[in-house]
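Chains: A, B, C, D, E and F, in written order; residue numbering restarts at 1 for each.
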């Protein structure tokens, strides 16, 4: 991952995640987009490994099976085809830690709700909605700060990893510890829609 | 598998299994979730090997071919898409020993019946419903106790493996030996539904 | 294959076969189960190699193309999905010698006819219904006897292999030599249905 | 291939071919069978390599595109599913030389016409219906004679290979040299149907 | 490729191409055939590599998107299934140089127009219809002459390769240099249909 | 890539890209073509690697989800099948840098709008429409100039790479730096249709 900066919250369906690579931490963007098409095949791009593809499938299933709580009309899953992409295509990506970012991205795409500003997140999703801890927390947090992020969502089980970091490295950052995917979505998505929202 | 604790029985479709790995025994969770969709394709995630994927297919077929005894309307298999997931995505998993756990998880998802508290299980499923013995019993039992499990379902053909274990290691554990998958489901699922059950 | 015993003829669709492995002969069970579903995709599980999967496809085609003689309504093939499983999932299995066992199992599932008691069989199936000889006869017969089998169906072309075995090893066994799959089914399936038969 | 003998012409859809293996020539049987099913997917079994599978696809296309000359109602291709099998499943088979045998087998299955007695054949099929020469002619002919074959169909371009064989080896054999698949079918299939023909 | 001779222009859908192999140039035949079937899946046989398969897909798309100019009713693409075969099945074939031959073959199949006599061609097709130059021109031309070809269609960008050949080797051959696939088809296909044309 | 020249803007759906290979820069052509067919499967040819295939999927999704802004009737995606090809078939191609060229090509195919003359482009596309920088800028620009290109579209994040090039090498070239795919399309496609446009 090249060194990216936070890019704002103008677009529905675009959420900032955190990755941990051989050369340190990085932010990455999860992009979800809908198009009118028959069937409900999930399209995944961005040079993703199998575990990361599975994360997207779990995130979509979570969103579908909680559509009522999330305020998404079930018919949208039939009427629209979902495509989830993770730039940059030349870089292979894998692992489960983008799970909650994918779920948030998908909900934003289907609701057109605006993503909270300057927010990033990392955590594995389970089908029942539990948020599991992930690795590389220190490197990911440093990368987030460098990129201009101010708020970070993590599993409560990653709290100890944050507390191990020297305070000077994390000044100015607010951590939001969560247990469930529903908490992630509540924290990450505003009730308002994006400025140029699409009528679904 | 990291060292997990029993996580309660709040959710329909979530059942605790036992795994045997290079570093000892472990508990794991089988999660089944339904979404409204055409067709009845089974979605499987969790970095599963082919034998474990086959276990899910056998479990689903068992449930479908015994729908009447289980009180499941056949139309639900057409109206809902089943997704079975086994956290944690980064860890490859394989083998037939989650078979009865998958069957129980699927029945719970389709009936919304609550899973018995503090229960774990391990055993291979066959299509006719016989429960076959599995390996690693000692390590699995130790892991279950450590995780807070009090009741364990096993094949009767694994009774001898339990009897070989020093009594002090298994004090406080109750073993339920079964011959059939229907017995597993009878023992594992309560007649009541989960608190926040979903109307299917 | 672990050392299994004959398990009775309570279930429609469950037929006992004979396998020949590196560690000697073994009995195995072929299980066929039907579920209501659109389409007629054949589901195969049990860690089967390609040749064994092909045997199942040939067996199913034989049954379909002889439905009238077998008393099976053609519509059942559309209304029900067939799943053929061979326990035990952890053990890879391959080869053509389960062909006639699979055909018998499939016919039993679609007719709910009871399988003759204490019977096992081994033989390759062809699409026209000829039964071809298979290898490992001596080891398979010893395993069958050990497991409690009394009657064995073989290709007439395997008669010479039986005659090569010392008589003391096969006392108490009755051999049924056949040329065609239809003979196998006539010998293996009783005209009565299983006790708890399913109305198809 | 084990040493097989000619097996008569009782069955529609069963035609005798000639194979050339590391241990000499062999006869083999091509079996075509029809079942009622939606769609027109071609099922191929018998441990076939890609080139041999392609031969079956070419043979089927030839039959479909010449249905009128062959007296086959086009609707049969929709109403029936075709399965082509080549016993024996344990032996891998490949190469294009079964092409005309497959075409003859398919036509016999769809017309229930009886195959000429004591006949075998070998030759590659092309989509336009030309019969191409194949290798191993001497070994194949010796195997055919040994198996009880009296008539052999070959490409005219294989005539020179026959003429190279010492006359004493081929006494009692009649060779039919052909240029087209239509000639093969005319020579190989009788106008009468098999005794127990199936009404399609 | 064995040493083949030109085989006439009796059949619609059969066009002569030129191949370049390790042992020199060769002619080959592209055969296109139509059968009545639902869907419009393209069937490709002849032991073709991926690049050659892509050439067929490009050729078909070119024909479909230029159906009006080519006088082909769009409904034919729905009503008929196209199969493109390149004999001889035992020989692997690859590369883009059969592209224009495939396009010509497909147009002839769908229009039943007769192919110009004693004609061969080689050239890569693009989706917009440009004809790209290909390699092995000298070897291909010598093979064409040897096979009885008198007219050869090439990309204008291969003219220089022809001019490099000693005149004595190409006496009696007429070269047709083209820029577009439409020119190829105009030169290669007569306005008349084949003698025994099929009513589509 | 052989050394190609710019080939004009006669065809809708054909756009000039820039590639960077082991032997230097190159221009290449992205060709999009539509045919009438059911479904909306995307056909991709040209010996493309997975990353380049993903670029095409992202480009198509971008076009579909921005159909209103682009003036494309959503029904066209159902009525027409899209095929994207990149000549020359013998050369493997991969990487994300053709993303914006593919998007432009697809829009031109669906609108029949003419491509600006003497224009080339290179840049990765994201699903939200951001244009990412790519590598090999110097080599690509030299190749573009050599091929007769006068205008080049690049990501603003590639401006620094251009400024590093010695001015004498880029005299006569105009650079258009963009942030979004929509800007690319606005700059690359004229409002007028191609001369022989197709009525969709």
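By our rule, a contact is a pair of C-beta atoms (placed from the backbone, for glycine too) under 8 Å apart; a residue touches a chain by one contact, two chains touch by 3 or more.
Note that the structure is a prediction, hence the values are computed from the model and not measured.
Any chain that touches subunit B and also touches subunit D is listed here: C.
Subunit D is reached from subunit C by a rotation of 60°, derived from superposing Cα atoms (nearest 5). Where the sister copies subunit E and subunit F meet, the same residue numbers recur on both sides for under half of the interface positions. For the pair subunit A and subunit E, the distance between C-alpha centroids works out to 51 Å. For the pair subunit A and subunit F, the distance between C-alpha centroids works out to 30 Å.
Subunit B has no residue in contact with two or more other chains. If you draw each protein chain as a dot and join the dots that touch, you get one closed loop, with every dot joined to exactly two others.
Beginning the circuit at subunit B and passing next to subunit C, one meets the chains round the ring in the sequence B, C, D, E, F, A.
Contact residues of subunit C toward subunit B in the complex are 7, 11, 13-14, 29, 31-38, 43, 45-47, 83, 85, 87-90, 198. Remark: subunit C residues 40, 50-51, 54-55, 57-58, 61-62, 64-65, 74, 77-78, 95-96, 99, 124, 126-128, 130, 132 touch subunit D in the complex.
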